[in-house]
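In order of appearance the chains are A, B, C and D, and numbering begins at 1 in each one.
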Amino acid sequence: MIPQNFEYSAPTSLKEALALIAKGDAKVLAGGMSLIPLMKLRLAAPEHVVDLSRIADLKSVHEDGKGEFPGGALHLGALATHFEIESSALVRSKCPLLAEVASNIGDVQVRNVGTIGGSTAHADPAADYPAGLMALEAKVHLTTAKGERTLPIDQFIVDALSTALKPNELVREIIVPVETRGTGFSYQKLAQPASGFAVVGVAARVRKSAGKVTFVRVGVTGLAGKAFRATRVEKLLEGTSGSAADIQKAAAQAAEGVDANTDLHASADYRRQMTKVFTARALTQALSRAD
Amino acid sequence: MATTITKTETLVGKRIRRKEDPRLITGTATYVDDIQMPGMHHACILRSPHGAARIRSINIKPAINQAGVVAVFIGKDIEAVGPVPCGASLPGLRVPAHSILAKDRVYYVGHPVAVAVATDRYIARDAIDLIEVDYEPLQAVSDPEKALEPGAPAVHPEWPDNTAFTFHQEGGEPEKAFKEAEVVVKQRITSQRLVPTSIETRGVVADYRSAEKNLTLYSSTQIPHLLRTLVAQMLGLAENRMRVITPEVGGGFGSKLNVYAEEALMGFVAMKIGKPVKWIESRRENFLCTIHGRGHVDYYEIAARRDGTVLGLRLKLIQDLGAYHQLLTPAIPTLSVLMMPGLYKFRNVIADIVGVFTNCVPTDAYRGAGRPEATHGIERMMDLLALELKMDPAELRLKNFPGKGEFPYLTATGLSYDSGDYAAPLKKALDMVDYHKLRNAQRDAKAKGRLMGIGISTYGEICAFGPSPATPAGGWESATVKIEPSGKVTVLTGTSPHGQGEETTFAQIAADELGVSMDDIIVLHGDTSIVQYGIGTFGSRSTAVGGPALYYALQDLKAKIKKFGEMLLESDDVTCSGGQCICNKTGKTIEFAQIAAASYRAMKLPPNTEPGLMATHFWEPPNFAFPFGAHIVVSEVDRDTGQVEIQRYVAVDDCVNIINPLLVDGQIHGGVAQGLGQALCEQAVYDENAQLITGELMDYALPKASTMPYIETGHTITPSPVNPLGVKGVGEAGTIGCSPAVVNSVVDALSHLGVRHIDMPLTSEKLWKLVRQGGQA
Amino acid sequence: MTRKITLKINGKSYSHEVEPRLLLIHYLREVVGFTGPHIGCETSICGACTVELDGKAVKSCTMFAVQADGRNVTTIEGLATDGRLHPMQEAFWNEHALQCGFCTPGMIMTSKELLERSPHPTDDEIRHGLEGNLCRCTGYQHIVNAVRAAAAKAGA
Amino acid sequence: MKVGGSYTLPLLRQRAHELLQDPAILARCMPGCEDLKKIGPDEYEMQMKVVVSAVQGLFAGKVRITDQKPPESFRLIVEGSGKVGFMKGDGLLTLVPATVTTGVSILGSEGTEVRYEGDVQVGGTLAGVGQRLLDSTAKMIIRKFFEKLAEAGAETEQAAIVP
């Protein structure tokens, strides 16, 4: 219940924050929804905590016409909370999948405080965001005192609880595409009954044209050590009419070749099967929303 | 929605909002962790990470050297205190020495090893990280059936068979019944370990005044007086120098019907350091070292005739006791055996219990305590019999109830069911769901491939603990009623309500009896220096035993009021009601307040009458009370995921007269929630090395608002002779009736796949596997 | 090692030197004396510690006091004004939405925010909105009734 | 908890076997290994600082190698304990000649598949609250170990060939 003591800094500018973490021995605190419980259980005991919450720059949610994606991009500051993303008129209209994923995270108190940057950097294998970010082919904008880089989400998340983030580096923003008009989307999740984490969660985006499915993106969380894009499913569904049979056939490949996790709540076998079921559900709803 | 109160109407039976709520909804109630005292220190307890280990050495130096740490105690420092008491006695019971802190060996994960005391709770927590314990891990055993196998690790080396006791009970001629049976149905049925999880964990504040040698213990407990008696014994204190105060208690459900090591430990620490000390259990500790519930492996057999008449019942019950006996640990399964025939006319029964030690935290009373296990067993078996005989499960049940005229009904386990009309709640529940239509709807649904099920359970509950000869430490209850000189009324109850609402229901009873406003009554409880000795709140007993005690105290008081009324009105024809006495001849009246003032002023006293208006009654119930009822659950299993949706939940309860229907509904809802938790999602899982791997609320799933169904309640009222208020208990009923109804409904949904039984909890993966494998688990 | 924080709690300003590791719940309960919010778990599941931070429901056991520096906190103690209960408190009382009362302060704070964001919720929305608050006594039914009743009253 | 899997190293079997017995290599490849001391034949004492995201565990423990059948197989037993809990891993490692399909090997396509099968026991806080992440974390740590081993192997091969 009681964390170990630590040194605390609350920088008010990004520059200051980057200087504080430059030595690489500080732990960054965003919303704290993952870090603080770990500290209370004393599974985490950082000596120095750098609280980013006073950095206004990291809270901005805005659209940028040019740049990372051809159709325009939404830039979500690392400190944008799940609730801000879930309820933002901009996100709901320009990237509704992300708002839907955000609304499925934890509970309302957690969504009021937890941030997209914090969640992404923690890389919990059962977190909700990564499914959406994979399906969106999102990018992660990272910064150090010396420079900046942008990584695709599938390169940023390396493994269970492991990312490409260096100790002296911060997630500055998450960049997602402005959704093309007519894109259908869905996030479907089998929640673990105690914690609400995803046993599996599947995010889907689809486009149709002239009776054919022209575009499919599927992101899966919870199944394996890291979230991933189910490219086999995407390829199988693209070009079909998107019938129930097409969906089933494609979804059946969702867990193919994946080393599935086992825990108290779900065996690897069940997780695989549920990945297929929830992939089918996500695709079905996404197709029903596409026009 | 509650009604508001006016003075003269009858209050018993009304949906009255609670008197205790203003402090609770404003956040101004005082729970144990809210207590602050000058100079108060904080304790933090170091606990074993091993299921079984020898302690080679403990080094407390690094901890004691920290600034702010005033003391660290280990097992050898506190050998004179204890042991942690077991109040249950059974022939041949093996009782392990249960010391306050571990000595040279630990027996379960969470076993207390050392306590650090500091000026601040943060420092105390830091200190336990600095205590160095060298353990030699030993083989542990967590599964009670494995613990019984030859060669299993011995939990207590002195008893290598891990058997704490065996217990046999028999009634009628069971062997003959099984020989003559036309049908015998058998099933292994488990009732998993559960964590009671009151949202407030346990906690203790101890304050010792050495000059007076007085120890005050504030504890979040259900049994303040018993706690005082037993902790005084453990500490070697004179009982009258000890005071237990039960502040607001944030839920108990049986887990605080106990005397724990920490309660004596804090007393010891306060006496040693000469300062008040507080220990508040963390949720991790609550999972690891507050008692668990259930923990049964049961082997059932039913003997019956082809026409559905039940003949005999055989039960082999394996009870996972954990590593020690807490207050009532070994007694809990004996309640299961007493209630094993349920509401049915089994005239021939035989049961054998084996109480097994495991390297786990002890099991003990958790909401229902022994009766949910029994009801789950018999109600599952009745469904299995119905399936075997291809009979409707409702019809089979109705066929085997004792008739209305057969009460009091003596069971084959030796109980006397006081009163009942067991068909009534079942018929009412069947009406509420429109049973025949529902069965048709189910046929249609199944024809379309949907997995819809209907589950019925009926239950009888032994509650209102209880006649003293059958209850450890006495089964009576006490009440005092005082009319203060100003006319205000104070009730002191020996029960210790912690959410049940007796401050309201007892005020309703007193207000009706005295004819005064509820606002003029306060109900006090939970302070051994203020309240006369009492037994406490558990086993659905507060209203059913504490209520009659209050009723009789009120009668005694009214008799005294009448004497004063007669004297003051100078008449022998006086009626006392509605807050006043009236002379039936002259019509002259005198208010109770005036009578009270006169009684304390005592200028003049009626003959043979003492001054003051106060009466105390200790009421010994002649029997237990046996409420009963029926639950029906309609569920559907998602074929793709195995998730269960509870589509309807109907609970019909017969607890006879209802003091406050709002509160009774609340008890039923809460009880059902805990039953549903067991049926669907809760399980305390120990791995093979006796590590509790559902060690927090992140992995132990409690029902949430979003997972609870809407519960439809109904009531029948069958008059009971058991007490003058005609009330029975209701606190545990919801839990007891629930789990079999849920499991029966899900088994019913899958029965066409060949599914006969599913052990709880009904996790989606378990059901999904059954669906996928066509019923073969 | 300590740090000075200044914040508003229930409309009044407070200032203290605190260790960075001091949890907001401990600050509120033990330093300032608002014992209405309770502690029911370590892992941000039970919601008994829920308070409002700048108008949003948060779990004060999963936040350091230093994070609340300069901000506005409302606890259950701050809801009743001039001795008049907040409509949600009144609704909890009327509907018997509590038994032991331990989860109640957090439950009321979350329910209050729920209606502020969604004044006419369905039962389903109420139940989902309360996912971050555990109650072991009531089976939630009377709590749902209370939130519904408070919504109806506000809409009337 | 059962663990099992395989990893193909771009090394000949004999060399792979040698590396897996080399305390210096083990120390370098075991994630967070800060100190590894030989205390007996095939027995080592070690200090580990395991960092997984925010979680940090300091473990003191032992590594033992038994049932040696060079170069085919051996048993690896790793034990450690610290404030956050304790763990014990006991696994059989089998080395099978294999073809390397990915990555660059200076040996061409010759390599060794290391198959592992074993049991991991975890106790203390880690076991009580870490269930959800144990499996994925264990796999991740094992993967990291083999990745580092492959790296170390490549370097030593290079060193051996290019004097």
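Some observations on this one:
Going forward, contacts are C-beta pairs under 8 Å (C-beta built on N, C-alpha and C of every residue); 3 or more make two chains touch, one makes a residue touch a chain.
None of these values were measured; they are calculated from a predicted model.
The interface with the greater count of contacting C-beta pairs, when B-D is set against A-D, is A-D. The most distant chain from chain C, with centres taken as the mean of CA atoms, is D. If each chain is reduced to the centroid of its CA atoms, chain B and chain D end up 50 Å from each other. Averaged C-alpha coordinates put the centre of chain A at 31 Å from the centre of chain D.
Centre-to-centre separation of chain A and chain B, using mean CA positions: 44 Å. Centroids built from CA atoms put chain D at 48 Å from chain C. Residue positions of chain C touching 2 or more other chains: 19, 21, 39, 42-43, 45, 131, 133. For chain B, residues that reach two or more other chains under the stated contact definition are 121-122, 129, 282-284, 693-694, 696-699, 702. Multi-chain contact residues of chain A (touching two or more other chains) are listed as 1-2, 4-5, 39, 41-42, 192, 194-195, 264-265. Chain pairs that touch one another are A-B, A-C, A-D, B-C, B-D.
Listing the residues of chain B that touch chain A in their complex gives 121-122, 125-126, 129, 282-284, 640-641, 643, 681, 685, 693-694, 697-702, 707, 763-765, 768-769, 772. Interface residues of chain A, counted against chain C in their complex, comprise 1-8, 10, 29, 32-33, 36-37, 39-41, 49, 51, 53, 83, 106-110, 112-113, 194-196. Residues 1, 3, 19-21, 23, 39, 42-45, 47, 50, 53, 56-59, 61-64, 66-67, 69, 110, 113-114, 129, 131-133 of chain C are the ones that touch chain A when the two sit in their complex.
Partner chain A is touched in their complex by these residues of chain D: 5, 52-57, 83-84, 125-126, 129-137, 139-140, 143-144.
Residues 83, 85-86, 121-125, 127-129, 131-132 of chain D touch chain B in their complex.
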